[in-house]
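What follows is chain A paired twice: with chain B in the first complex and chain C in the second.
Take a look at the complex of A and B:
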């Protein structure tokens, strides 16, 4: 953003020092113009993060006095809240929730990506009733998660639709692998449209000529998908996948409504943090939230670094040479 | 361009944390010296509020209107909280940790008393000025913490055994079962009838939730066991408690309860009973009116009756529910609030409420009131149940205690651990949670 403003500032060519001064004042202007944004960001993002971290270093409400009243005031405990997470019983619960969170993230994001891309490809085709298909694919995304949790709970109850259709009598909402499956199904149902929507936007950016050229060169449908569609839609897809990952790592409402907050097989890190907070251990809850924060930060950093490096690289190249070089490259590859 | 994904990352992360920053409002407490919960300090007159769950019948509003007419300078206003009990508790706690005076009177679930009282969120009530003798004694204890009164019971609740009168009659059984063995014998007889085909024997709530704590408490109290002893120390690793827990374990293992029991919450159980597929059902009194509805929603209307829950060798010990009114320690106009509480717990108001909502009253006299008994024939049974009923453990960390109980019992009834192991673990866990 800063560069844009610099470029946009009219530069009057009256000697070096003058130009430098103008550039300098441009920087100051940029800072000035950006300051409200920064202030808001600091207020709504920076402060909660820091306050949460501070809270995680304190404890309160521990112990009762002689009359049975809770001893008031908070006490600095350093990293005790963090140490407690990784010791004894709580460690078992933590690693279980950590495993669940990771498992849900990997499975649901993978399934959502596959289904979402397929949905986008369908939505992009021109056919009669396209508007209807597009709208109906988006319906699950429009339903609030808690409500879809309730809907799926009806479907998955012992005498519900799922068992009737499958001809089984699985207890989906009890503990165990069935509960995990139920959560994955409901989550994928709900959020695949999100990926589909972003991928569809990406698909519509791809110029038709690229496909025509490929077709002239004799590329089959599958080849066109792997060599043209996928590489060109990748930036949009990666952003969609990244957002989904951030979302699933914080998953709370769906397992909570569908199965319950206290079932080992679907307990996630946010569930534990919620449980701690609802039992007035705010320090411990903040510690769990901070651990989750770090985990999400690491995952997203790795994601951007390993896969997303391309987005940034492409963006840079695009800025240098305003031509769809990546696109040209793929076409050349297809032709070869 | 480069910033976009990173900004997204940061925003996502912040949401993760902000979700948990909610409890931050009360940071830096400690400066509350003036909030002594001593009796006799209930002063101040003026407008008051009543924080409560949903007023579904509209009767609460009627009661408030009547109060407002008589007390134009001490107007009361209802603040409706979310439906979910735990969310009501959360909101009341948030209100208390910020020391807000928005809520004057709190409509507390009986199991929250200890937590709220111990955190100094409630004003102590004057025991001698409330005519406590007129209340069922068991209900009054639910409003007490360490012998001091913090909340006045306005409604009560207790488990009952719903049974299919028609099926028992066909099987030639005149009386509802008083013991567990009698209950199983009755099931075996009914199962042999053509009408008894596909009818499950028994159900009590065993899905993971507060209902499981209640079921476990009833089973264990019925065999003479307890979670905590009279002094508040955990005492659950006993032969009596094991016998109680084994009742639940065997009821599931022997197929007395439907296989789906672990997924049926209170409402799921009610659906099952109302579908006519259940012979004996331990449930709260609210089911009585709903299961008797003639609008086609219930297939068992007029075909069932209620009895005290059975035990190992005679009637069992049911569990107490209900709600109490308490005064927030941070509220203004506590004197008006006390008058309002007395007004709501008085006989005319309790009777109107019971007739409108089928919530059980807490005044002994109403259980023999002719109009009440005509509308709710189960009242004498319920009175006996409440008089015999036991409370769930009164614990400051009740949320942790009930979760520990649910985890241990759920693992035992689903066969993940043995009864011995579950009780030993629970004893250790409760030890950690109840030591000051």
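Take a look at the complex of A and C:
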């Protein structure tokens, strides 16, 4: 996920407008030196985004033209693909996927944050075997998602560990609310360590004396947590949560492997887009991807704007970029 | 308010460092008590143990009537200024100062008012809305001090609270502290490296070395009659001269010069003779019963000069010379000790 952020740091449009602003020769030299990077970025990010958007304005396959002739190949349809998504024949499927995506984002990010922070607090403690605990907490994060999807499918199968432990016979991996739960559990299990790791890094930046000062002043453990720890790890936590939100909004592999694509209860915007694409409805797939792109951009923009006063500190202008980046990657991933 | 009693206190850190070594200390109720000692002698550890931030390996700490050895820091009613301030980076100055009041559930209006009041006393009035990162070291230090003062505790523990202030601010903060402490009558222990500060502020001072207290007394006693050569060399703005000497009868011989021993000192022994640079008379002409040597170093102290004479058989004899004399390096000079001001140590104890 970290790569998402790295690869996009100078995004093309902003770069260009800034270049125009910088009149002095130092700025021009900087622009010149950066231009190879810009070019590569334009090719690998700018082009796919635009190509994806263009694709969403076309439809492919056989159709009847105005005179009743059968035509093959691409046909420009304007915003028809979008109209179909929002209110046409695809609307139910779309709003279901949109709802699922949002639901997964809210629930998993919330649970991961709570669990991740708790894990970080534990990892930070000095106790025997701490190194072991730290390492083992990170194991879920290290397993490829598709593999952990298989792992959880095995746990959640009808006669699997989950049912055995709970003494139930729920069909976790069939369609339905249980499938949602299974996806959430697997996702939270897998990615809480990520939040824990970033928060731990934040925790370790807090000088011990700050806690001690609060302790001498009479602050209890809870007061110290709410008034000292949380505000001080907030920057790290916000970055972690932002990354996680961008990730979950693009969630694909886990529901796909654990339950399957085109399953109503776990259909997300990426799986639906993938499903469309694999049925050769590229225009509609691209439209889904573009909608997701915009959705992610808006959410991360709002997130950074509303909460992120300290996320990037002084680098104010750089702020809007994570949004564009993540979105770009999604489209690329789906278009690929 | 509360008296502090520390009994047989030892603290051994995890690495086996014995930072406190069977230390006993009594600080009276309302007393202003200074701790002096070289770096690493355990001053911070002592304060932290009194505050409850360190659990002693053995020994007890009492505040007032209570044995608080096992009590958590928040329940001891002490306030501490940390050596590196420990301000809350995410709160502005006003909130930092008011934090203890917030914990004590004082209302917001009241809190702000009291914080502003204390801040004004320490010259922080214009900084209330700033974050610690936007303050200079000295300003941060004063915020830390203000936070402790605003807490209204029974005991103040100050770890070098004025170390980062410039000379003028330090003087102001010093008188502010002195006045405040007298008004509030809060028992105060403060660590300092600045003897002038200790001498000016404290009712009593203790000199520590290697986890123990070497001498406790009023600033005057400790300054005039340091109990050991270590204290003698540590206290005073200009280090005391300590010369190997021989005592025979009531006369001393050091560096080939014989002179009368201080009143009441007599015997036959190898001793250490100590005399402060302020208590030597300097002369460019020969003097009787004086050390003779070549002027090696001249350091300007402002209203006087500190002159080091290279006297054979000694590490050098330092003399304070009034301004206007201006001895030239390389010339010969004489320094005669005031007989009544000398100190004689036999195997480390004052005679």
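The criterion applied here is as follows: the second predicted complex is superposed on the first by the 272 of 336 C-alpha atoms of A that agree within 3 Å, B and C clash if a C-alpha of one lies under 4 Å from a C-alpha of the other, contacts with A are read in each partner's own complex, and residues count from 1 in each chain.
Going forward, a residue touches a chain if its C-beta (ideal position, glycine included) is under 8 Å from a C-beta of that chain, and two chains touch if they have at least 3 such contacts.
All of these numbers come straight from a predicted model, not from anything done at the bench.
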**OP:** Give one of first, second, both or neither to describe whether A:209 is in contact with chain B, with chain C, with both, or with none.
**Re:** second
Subject >> First (chain B), second (chain C), both or neither touched by A:122 >> reply: neither
Subject >> Which superposed partner A:228 touches (first chain B, second chain C, both, neither) >> reply: second
**OP:** Identify the partner contact of A:171: answer first if only chain B is touched, second if only chain C is, both if each is, neither if none is.
**Re:** first
**OP:** Examine A:290 and indicate which partner it touches, taking first as chain B and second as chain C; both and neither are also allowed.
**Re:** first
Subject >> Most chain A residues touched (candidates chain B, chain C) >> reply: B
Subject >> In the complex with chain C, residue positions of chain A that touch it >> reply: 207, 209-210, 212-220, 223, 228, 231-232, 234
Subject >> Residue numbers on chain C that touch chain A, as the complex places them >> reply: 51-53, 72-75, 78-80, 82, 84-90, 99-100, 103-104, 147, 151
Original post:
Hey, which residues of chain A end up touching chain B in the complex?
Top reply: 1, 44-45, 48-49, 51-52, 55, 60-61, 63-64, 67-70, 72-74, 157-159, 169, 171-175, 239, 242-243, 246-247, 249-250, 252, 260, 262-263, 270, 273-275, 277-280, 282, 285-286, 288-290, 292-293, 296-297, 300-301, 304, 308, 311-312, 315-316, 319
Original post:
Which chain B residues qualify as touching chain A in the complex?
Top reply: 1-6, 8-24, 26-30, 32, 37, 86, 89-90, 93, 117-120, 145-146, 207-209, 258-260, 262-264, 268, 396-397, 399-400, 403, 406-407, 410, 414, 436
